[in-house]
Every structure is written in C-alpha cells, then in structure tokens.
Amino acid sequence: MDWSILIAQAAVNGLIVGLLYLLMSVGFTLVFGVMRMVNFAHGEFYMLGAFSAYFMTASLGLPFLPALAATFVGAVVLGALLEWLILKPFRNDELNGMIATIGLAMILQNLALMLFGPDPYSMPSIVKGVTRFGKIAVPTSRVYVVIFALGVLVLLYLFLKKSGPGRALRAVVENFEVASIQGIRSQVYYPLGFGIGIGLAAVAGALMAPLFSISPFIGASPLIKAFIVVILGGLGSIPGAAVASLALGLAESYGSLLFTGSAVDMLVFLIVIAMLVVRPKGILGQGEA
Amino acid sequence: MGVVIFTIIAVIPWFSGPYILHLAILSTLNILVVNGLAMISRSGQISLGHAAFMAIGAYVAVLAGTQLGIPLLLSVLIGVAATMLVALILGWIILRLQGVYFVLVTFAFGELIRLVLLDFSNVTGGANGITNIAPPELFGFVFDSRTRIYSLTLVIAIVSTLLIRRLFRQPLGQAIDSVASNPSLAESTGLSVHRLQVLAFVIGCGLAALGGILLAHYIGYISPESFNVGISIDLLIMLVIGGRASYWGPLAGAIILTPLPELFRGAVQTQHIFYGAALILILRFLPEGLAAFPQAIRKLGTRLKA
Amino acid sequence: MPMLEAKDLTVSYGRLEAVRKISFSVEKGQIVALVGSNGAGKSSTLKAIVGLTFPSGGTLRYEGEDITSASPANRVRAGIALSPEGRRLFGRMTVLDNLLTGAYGVRDKTIVSRVLDEIYALFPRVLERRKQLAGSLSGGEQQMVAIGRALMANPRLLMLDEPSLGIAPKIVAEIAAAIEQINRDKKISIILVEQNARLALRLSHQAYALEHGEIIRAGKGSELLADPFVQKAYLGV
Amino acid sequence: MTTTILEVRRISRRFGGLVALHDLSFNVSRGEIVGLIGPNGAGKTTAFNVITGTQPPTAGKVIFQGKDISGGPPSRVVVDGLARTFQSTSTYPDLTVAGNIYRGMLSHISGSLVGLLVGRCDRGISMERVSDEIDRILRMTGLQPWRDALAGNLPYGVQKILGIAVALAASPKMLLLDEPAAGLNHEECKGLTTLLRRLRDEHGLTLLLVEHHMALVMELCHRIVVLVQGEKIAEGTPEEIRQNEAVIEAYLGAPEYAHA
Amino acid sequence: QDTNVLKIGSLTALSGPGASWGQGMKNGAELAAAQVNKKGGLEVAGKKYKVVIVPYDGKYQASESVTVANRLVFDDKVKYIIGPTGSAPVLAIQPITEKNHVIVMTLGFTTKALGKDKPYTFRPNVTTVEVAQPQINWLVKHEGIKKVGALFPNDETGQQISKDLTAAYKKAGADLAATEFFERDRVDFVPLLTRMVARGIDAIELDGNSPTTAGLITKQAREMGFTGKIVRTGGPATQEIVKVAGKEATQGMFVHTPINPGLPSTKAYADLYAATYKHAMNGFSPAFYDGTRMLFEAMQKAGTVTDTDAVRKALESIKDFSGAMGTLNWTGEKVYGINHQLNAPFYVAEVQDGKEIIRATCTVEGCK
C-alpha cells in the first residue's frame, strides 16, 4: 500500500467509525440535550440492545431486521417504564438524576453479568465480504451499519424538529407546567423521551453486535464516546453531534496513522478541553438563554 | 446531637481491629477529599475529575520524595502546591463554563491525567504504578501503625471540616454561596463570579491533593488506576448522598458510603445491585442527602402530629 | 348559560388562602376584567381556571360541564387558553416552535396557518424574529410571543395575565385594539388581568375588583371606572 | 455640580447578523436622572448590558468617572461605583431581606478576604458597621417591615424594591434601573417615584432608567434618550420628547391607553 | 461436632472487565475445596478441616483489592488468598499480605509480583516470560514468520508484554517491527491495523490482549483483508477468541494453550467444571485449581494450617505434582530470584474449525 491510498483508506475508516460513534451517542445526546439528563446508564442499554439482538437471532431464530425492530420497541418500553418508576423524582434535578442513573447502570450491568456471565458472546456478521471503492476496502458489514445509522439520524432529526410530538417533547422538558397548558399531556412525554433515547442506545448496540463482541462490559466505550461527542457537538444538537462524531472518527483514524500509544486519546481530550474553552456551545451550537 | 454521634463513631475504631481501622482511615481521607469537592460544589460547580487532583498531588509528592529525596513534609507541601497551581491554571480557563459543561470537561480532564500517568511511564512507573511508598512521618514520628495513621487522618479530617465551616461564616464564604445561588446578581453586586469560583476550585483541589498524598503514604502504593474516573464518581456520590448544602454532608457521605459496600460484600453476585438500589433509594427519599435526615424525621413528626 | 362559571372558588397555597370563595361568571363573547393590587389573587384565579393549580374548594363549570378536576390538557382542548404572567416562553425553542407548540391540540392545519398569519400581522416584530431562540428576545418581544402562543390554541376562552407588561405604549394601544377585535370578530370570550386598570376597565364588558382574595366590587367596566374606591386605589385619580 | 459621570461613546453591539445597538452616544451628568426609552427590542436592555460590562460592545467605549470600563467584568464595574437592577426580579430567594442586603454589601466589607479578591475598595464598610448599614438601607427603601421575611415569599412589588436595595448595598455612585415599574400597581408606582427621587436628592445618586411607564418617566426624568432599532433618534427634556413627532410615531402612539 | 473450618480467601475480579478470568480463578478454588470436602475434609496433622472459600470481588482495581485484602486478613482472618486478578491489585495488597505472612496465589503478570522480598507470593500460572521464548522460537523456525506486528492495551500488562515480546522475537531471529498501544475500552482497531499492515508485516501477535480484544483484532484484521499469520504466544483463551472472531477468521491461527485436552487429567477437570458451572472453563481456571490443591498438599506436608511459614516452605518443596495441567514444578530463580513461579507444560496449537490442534509440546526449555 502506498501512502496516498493509506491516507484515503484512513479517511474512509475514520468516517465510518465516526458514523458508528454517532449511532452510539445519539440516544445519549437526545436524553442529555432534550431532557438535561446525563445518562450514565446509556452504555448499559447499548449492551442490553446487543444481547437482545443476539438472543433473538441466535435463540429465537429471528432474522436480523425484525430482531432490530423488536429490540427498539422493547427498549422504548423498558426505558419509559424505568423513567416512570425510578427516575421520575429526579426530573428537575440534574445532579441527583445523574447519580440515579449511575445507580441504575450498576444494577443493569450486574444483572447482565448474573444472567449472561462474563464471557463474551459473538454474533455472526449479517453480511460477509469486503466492499471495494477503487483500491479502498471496507468490510461490507460496516457499510450496512452506516446506512442504518444515517437513516436513524435523519428520522430522529425530523421527529424532533419538525413533528408535533417532537416539539411537544422539547416543550415538556423545558417547562412541564407551561407545556401542560398548551394542551400537551405532559406526564406521557418524559417517559416517552427517555424511552426513545434508550431505544436508540439499544438499536446502536444491536446494530453493532455483529461487528464487535457482546458482553456485560461493552457499555463503557459508547458512554465515553458519547461524552466526547456531546461536548464537541454541543448540547443535544443532532447536527452538531453528527459533525463531532465524524471529526472524532477522522481524528482517531489519522491520529493512529501519525502517533503511537495513547497520544491520540490524549490529543482527543486536549481538543475536547480546548474546544469547550473556545466554543463552549459546541461546533454548531447556538446561544441560548 | 450531630457532634455526639460523630464523636461516638470516631472513637469506635480505636477499640476495633485493623480492618475496621482501615475502613475508618479510608473514611477520614474521604471526608477530607469530599470536603474539597463540597467546596467546589458550594461555588455552584460540580467536578467529575476530583480524583485526578488527588492523583496529581500524590504523584508529585511521592516522586519528589523518591526521585529527588525531598523530606516528607516538604514533599507534601510541594504536592499540594503543584496541584493548586494546576487547578488555578485549569480553573482559570474552564471556569467560564457552567453546569453540565463544566461537569463534562472535568471528566475529560480526569481521563487526560490518567492517560498522562500511564504514558509517561519512565517518570510515573506507568500502569505498574509506584510501590513501597514510606508511611507518613512528622518530625521524626513515624505513622506506621494503623492507630497512629487514623489519629492523623482523623485530626486532618476534622480540621478541614472546621475550617470550611468557619470559612462559610466569613464574608468570603458567604460570597461563594452568593455566587452559587444567583451568579448574575452576585456579579452585579461586585462579586467576581469567576474569581470566587476559581478560588473555591483551587482550595477544593488542594484538599483533594492532600487526601491523595495521605492515601499514597498509607496504602504504600499508587497507580493511575487508583485515581480513575470511577473514583471521581464515587466521591461525587458521597457528596450528593451526604448532602451538598451542609458541613455534615461530606462527613455523612464519607462515613456511610465508604463502608457501605462492605455490607453487601458477602453477596458476591448481587452486591453491586444492592449498592445501586441503595443509591437510588437514598436519593429518592432524601434528595437533600443524608445530612437532611434529621429534618426529614422532624417534618414527618410534625405531619404525623397534625 | 354562562360560558364559564366559578362558584365559591378557593385557591390555597399551604396555609395561605390566595383566593377565598369567589363566585363570578363569564358570558359568551364577553371581555371580563380582573383588577386588584399585587397579590390580590388574580393570577391564582386564572391558574385555577386553566388547571395549573387545583382549587381547594368550590366548583368551575365551563360550557355547562364541571371541569373542577379536569386535567389542564383537557381544559385546553376544550378551548381554554392562558397567556401566563411572566411570559414563561420555552426559552430554548425558537419563536416559531413556541407558537406551534401553542397549537399542539389543533388538528386543522389551515386554522394553524391562518392564526399564525394573524399573529404576524398583529406583531410584525414576531415575524421578523421567528427563527430566534425565544430566550434571547427582548422583554416586550417575549410578551408578544406569549400572547401569540395563547391565540394559537384557537381558544373559545382566552385569558391574558398582564399582557401589557413591558410593552411600549404604542404597542399597548395596538394590543388593546387587537383584544377588542379578537373578541368582536371571533366571538372569543376574554378574561383580562391588568395592572393598567384604566385600560382593562375600558375594554371590558364586565369587571371585578379583587382584594385579598375576595371580590370587593363587581359591575360593568364603565361602572367600576366611575367607582370612587376604584378611582382612588387603581387609577390614581 | 454638572460634571459628566457617565459617557457612552459610539457603542455598537451585534448578535450574529442582528444589529441590536448602532453607534449610540450619550452622557449622564452627576446627580441627573436620565430615562432611556424606545420600542420593544430597541436595544435598551442591551445598552444596559454593555454599559455594565455584562456584554462587551462590538465597537465603542463606556467611560465612567473618567475611566474606561467597557467590556467589564461587571463585578469590577460595580466596585467602580456603577450598579444595576434587573428587568425581572432577582434576589437570593432563601435569605431574608436583611440577608439579601448583606450579600449585596459583601464586596465592600473592608479587611475581608473578598475585598482582596475583588480588588481595591476604598469605601469599605467595617464589619462592626455592617448592621447599621443594613438598617440604613432598609430605612432608605422603606423595607423595614419586611426585614426578616424570606425574599422568595415577598410580593412582586416588594421584590423589585429589594432589587434596588441590594444594588444600593454595594454603595454605588450611579444606579441603572431596568423597568423598575413593570408589574407595579398604581400605589407602588407612586412609592417608587418617591424612592427614586429621594435617592437622587438625599443620597446624591445618579440614575439611568429604562421604562415603558410614561407617567413615571415624564415625572421623574430630567432628560430622556430615545432609542429606535438600536439608534438614538431623539434626546431632550420630557417636554421636548412628548412633542417630538418621530418619538410619537415610533413609540408613544396615541396617549389614550398609556399609563395614566 | 468437632469439624474444623479452614477459610481460604478468594480475591478476584468478579465484576468489570476482568470478571471472565476472575470467575475462572474463583471456580477453580471452589472445585478444589469441594473435592476435599467431599472426602470429609482436608486432613492435616490428624484433624479434618472443612474448607470454605470466602469469595470477594476486587473489581480488578487496586484500591478495592486493598480493602478486600484487609477484610480477608483482619476480619475473616484467612491465611491464604487465591488472587488477586491483575498486576496493580497484587502490588497493592502485598504490603499487607507479606507483613502478615498470608500466602497469596496471584494471577498478576508483572515480574514485580514475585521476588526474594516477597516470600509469601506464588504464581500458579505461566506468564509471557516463561512461555513466549520457546513458542516464538518454534514459530519462527517452523512457520517462517519474520516481521511481526502487535497491538497492546495501554496498561501494565500490555506495557510489560510488549517489552518481553520484542526481546523474544529478536532472540529468535525475527523482528517485532510494529507495536501499537490503545486504550483498554477500544473496540475498533481498523485504523491501527491499517497502519500496521502498511508496514508490510507477515504476522500479527495477539499476546497481551484480553480474549475479547484478541478476537476483535482477528476479526477486523481478516475483514480488512490481512492474509498473513495470526499468532498468540501467551494468554489461554482460544475458545473466547473463536467465539468473538468466528471460525472463519481464526482458521489457521497459532495459539498458546496451557491445556491439552488429550491429557486425561485436563479433560477430567474440564468436564467437572462444565458440569458444575454449566459453561466451559477458561484457560486460567485449571491453574488455580491446581494451585489450591498444591496448597492443600503443602499444608498436609507441613502438618499445620496456621503456621504459614512452614506451609510456604512445604509448598516450595513440592516437586512433580501431578495436577490437572500435567506435571508441575516451581521455577523462577533466574528471573525473579525466587522459585515461586509455576513450571507447567504448555502447547502450541493451531486452530482448525474453531478447535485447538496441538502442534508442539513445550516446557520453559523449549518446544518439540
């Protein structure tokens, strides 16, 4: 391989990984930006999503797509229930809410550990082989995930910005009372919003399951990536998250090409800090009151 | 009342075995460190990178001792001072951020410090850490038994609590409170939000550094992983569960949460589930933290009477 | 049958009774003014009608139905809308999103776009600023959006809590004209709470003066304007 | 004495593409009460923010007592003697009225560490005199009856007065008031007028106020500056402004519904 | 009844990323205990002891492990600890255990874990230091690999193994030409692999990585079209790797294994484990089963369960112990200054269809 191909390959790798990161973090961005909740259990729902996809395909013999849909629906319901049963008292308290999700994360991870054991599971790829764009090779399974990721994002963006329920969700979270006097059934929207965020996390886990491995501990990575994406992209800004994820993917890809060791990761954190100082509202962030 | 309970709790370890003493020492160190976190929190900011400042203090002090042969007391001073300097520079830059942004950036800083400690292994010993750290020593008196160390850390914990209590009865402390409760009003009455928050941050990180240094000398071993983000989260949990708004908060949080995992330790499979559930329940029923427990009881009492 | 009827309405916050057993009614197509000093209980009355607080005593009937314990969402769907005191916009949403949120329960899209156009015609400034985040608007601009948001619900009973607060004098006149026009053209009943008592009384068909949670004067707007107590206490004559 | 205390020199302020203030200049003399009026969104609050250092101007300068204070920070500007109140109420809700006033005084307590941190403060109040000083401000603003009430529970009108009291606690030379009369009823407005006039007459304060309550503005102000779309369109005595065609057209309108 | 109880602490990672290894360790100890208990207990100096394993979670963390060690030593008053999992934990608890003469059987890979000044610490599993050189010699000779690339987690294990392997490859006449470090949580290795493959390597070395990571690297390397050899000269985890990477990607891979399923004693243990815990054992489990049994034998030899000094000496003197893994001895004098490192047979295997086929049998001296 010569350098020009290497650089192009790194760009493609970076963009793909960036999209995977975006998928991992978008549910977190939603819950964080819209509901102002730092959801430390995000990674655990990602993990549960991966397990769900695994068991539905391996044990129940479902095809992948229905398994994905079932995972999403199940996760939305589970998320809504958990919000209603556990997180409701913390709706207006960012800090206590955050700690409650830490507790939730502990419970979920260790329940998974009890149920599934510590050893990794592996799911067969949905598709095999390598797709070639000229001299650049990309595993076909990743191409699929990327297409899904893009679809999910567009839908989510449209839901939040253009649909009535999306707007209502933002309104409820900003002011429960005032939203209710716009005719919105406020009580329904908190669980729904959290549920959708959880659903997205689970779908990301399910989509990523065939690419990576599945174990009770796979939630850590998406959580950290989500943190970084949210800082870089700005509070709950979906386009911001998209740009941030791609930038992160590219930075890591080129970084690994240029530096050794943890230099790349250190660099990422330095950029994150610098970014917050220069543009505290994120790459595409707008001012807010 | 609180004082009486605390005194009883503080005396027990002297009459128990080394294991209880160990937990007691950790609790007192946590009181010190969480006091630092409380200081920052009272200025209206929440740090998720507190353990990183314990790490900076501990590594600087220990390396100053082992590599440069600096005597202990001086190395402690150097460790704390270096940490406060880092906190000053960092705080000056990042304290213009508010709310969750600040939380996230301190988180990022914590990760950065961990990576630095891992990567510059020729100085820091990398992931293997530093072993054989000598026990603390003051003017020739070596704190090599647990009872001695406990006496030292207990005194330091109490002194730090009293100092903070005193500070918040002074105009300076009240100014810090003002900044937390209504920053724009504070600013418009001549209180520099930025400077006061930086001050609180520097003091808070200084306390963390002292705690980190004492921990290093007590355990005799440090590694980057002794101060990872998980520890920062644990500290924050202690603060919130203990109560953010009162001097008793860090005391209650550290004294109850440090040994709490021991309660469930026997239940190997389920201990973390119990712990997580305990967190959620405490937050649910005592959102102001354990320090508000007496008030909650009183309120319940009046409601029952009425 | 009156459009809205309050009987012995009481609103309490803990031990404090902000509104004490007041009874009044709003006829269809009327403008009713509530005047009174600070803390008299005007806002509390409006909040109780829309369901933001639940009355601790008394009943509320709206279009013949008992709504005393209906949820706010249901009341809004039945045609009650409030532009609350202190504006209370969704600061992190754009002006347009704020307005559209007001129309949440309105199914008919043609109504939504028609009312939107009416609001833009009434407040050109809002049209200009429709893409800005509501939180960064000037005080008066926010007030305009708050009024607009209540109109977007296409209500049959519109309640305005201090609509002229922070509004430039010229616009106050325009808002006053608009209130009359809305009432006349669309037959919307209006409850108006105002510190600017002269304005409120002039606009109203029926008026009540509230003090310490109790109705101390009731009558036609013009009657209250002429009342010596009202003149002294609220008009500074 | 008619020396200039505040000099606003050609300030501008943009938000993205929006020009909120354009090339605004005016002066305020010591002991004067000046009104700043204009339609909604004209840039009055923005002008306040720029003068008090809450937002930096995109161009121009603000000179206070001969010193360039543009760009803040606000706390420094306050220590220099220029204080402000907010358009909405702003207090420490969990503290009593006296406690709020004490908080307002913190930057001026001499010999405390706060002073060191905030910078020099020559008009320091010694710790022993603090409670006298609180009483003085309570008397000045007529808040004695509320002394021990929690700020968060106060009626709206009283909270607004408390806002002024807290600003006074920082011993300013000049006070900027953003819509002090909004939400006040007729009685309270009258009280406010008296209070503001006393502050000027008896305590020598200079006042700059933004207000839509024309009766109050016309009665109180020596001079009025009119802003429209970020630009000054008129400046003069209340009489002149009342007659000014452009001002009537842009702002005052027909007088019928304006505050009596 | 006058049955005596012998408590043995188990300080392993039961939650978090090290849980897979930690549970294998704990289960090994429990199986050993169950075995003697079934026979009525461990007979030492005429008394029968019921063996009780006290298992605690060290979370793979130094600070947590210190607290657990305190609890085991001072509260539960145990004299023997199986564990801890990981190097930082073992270094962190040694000040307590050594001072209190508590015998520790650790998995910590660091060379610093063993030493003359740490007479109570033993390691019942072989590490890279022991296994790398013979296997690499064999691979270089028989498979002709020359230019090797390797990815390591940026932690103590990774840093240590990277050093050891570089030296070993050099000694064998090959070159560990490209090494990369990454953060432990990483799951995507394509960028790192891209760069490594660009250096023209003909083999990838997986030693030093957790099974999951090793599996992911294998899978992703094959996905991007890497056709060279993939080898793993340390760390028993073939099953997990195959699980993660799939049979196709692991075909023809060369792995280290301490387990020869053809050996009857090993098979017996594997069956027992599977029957008891309903899942297959991992490669470290037999080491701790054997380690615990060696401990029992040492107690019997010393005739005491309380005098750990005597037990330690008896343990050191055990020779040719027949364990589940084969014939076991102590070694390590040369490297660590003390013979507290287990010397067990190990194997080079080739993965065929997801199964290990033993290709060479090795000892510390060399492979055949």
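Labels A, B, C, D and E are assigned to the chains in the order they are written; within every chain, residues are numbered from 1.
The criterion applied here is as follows: a contact is a pair of C-beta atoms (placed from the backbone, for glycine too) under 8 Å apart; a residue touches a chain by one contact, two chains touch by 3 or more.
As the structure is a prediction and not an experimental result, all values here were calculated from the model.
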{"item": "Joint neighbours of chain E and chain A, given as chain labels", "value": "B"}
{"item": "Furthest chain, CA centroid comparison against chain D", "value": "E"}
{"item": "Maximum centroid distance from chain C, chain identifier (CA atoms)", "value": "E"}
{"item": "Whole-Å gap separating chain D and chain E, where each centre is the average of the chain's CA atoms", "value": "74"}
{"item": "Length of the line joining the C-alpha centres of chain B and chain E, rounded to whole Å", "value": "36"}
{"item": "For chain A paired with chain B, centre-to-centre distance based on mean C-alpha positions, whole Å", "value": "32"}
{"item": "Interchain centroid distance [CA atoms averaged], chain A/chain D, Å", "value": "48"}
{"item": "Set of chain D residues in contact with two or more other chains", "value": "15"}
{"item": "Overlap residues in chain C, where contacts from two or more other chains coincide", "value": "136"}
{"item": "Chain E residues counted as touching two or more neighbouring chains", "value": "15, 154, 183"}
{"item": "Chain pairs in mutual contact under the definition given at the outset", "value": "A-B, A-C, A-E, B-D, B-E, C-D"}
{"item": "Chain A residues touching chain B - in the complex, by the definition given at the top", "value": "32, 36, 38, 40, 86, 89-90, 93-96, 98-100, 102-107, 109-111, 113-114, 224, 227-228, 230-231, 235, 261-263, 265-266, 269-270, 272-273, 276-277, 280"}
{"item": "Footprint of chain A on chain E - complex, ascending", "value": "15-17, 19-20, 22-23, 154, 179-183, 185-188, 190-192, 194-195, 197-198, 211-212, 215-216, 220, 223-225, 240, 243-246, 279, 282"}
{"item": "Chain B to chain E touching residues, read off their complex", "value": "17-19, 22-23, 26, 115, 118-119, 121, 126-129, 131-132, 219-221, 223, 225-226, 230-231, 262, 265, 268-269, 271-272"}
{"item": "In the complex with chain C, residue positions of chain A that touch it", "value": "164, 167-168, 170-171, 174-175, 177-186, 286-289"}
{"item": "Chain B contact footprint on chain D (complex, rising order)", "value": "52, 54, 73-76, 78-79, 83-84, 86, 90-94, 102-109, 112-114, 117-118, 166-167, 169-170"}
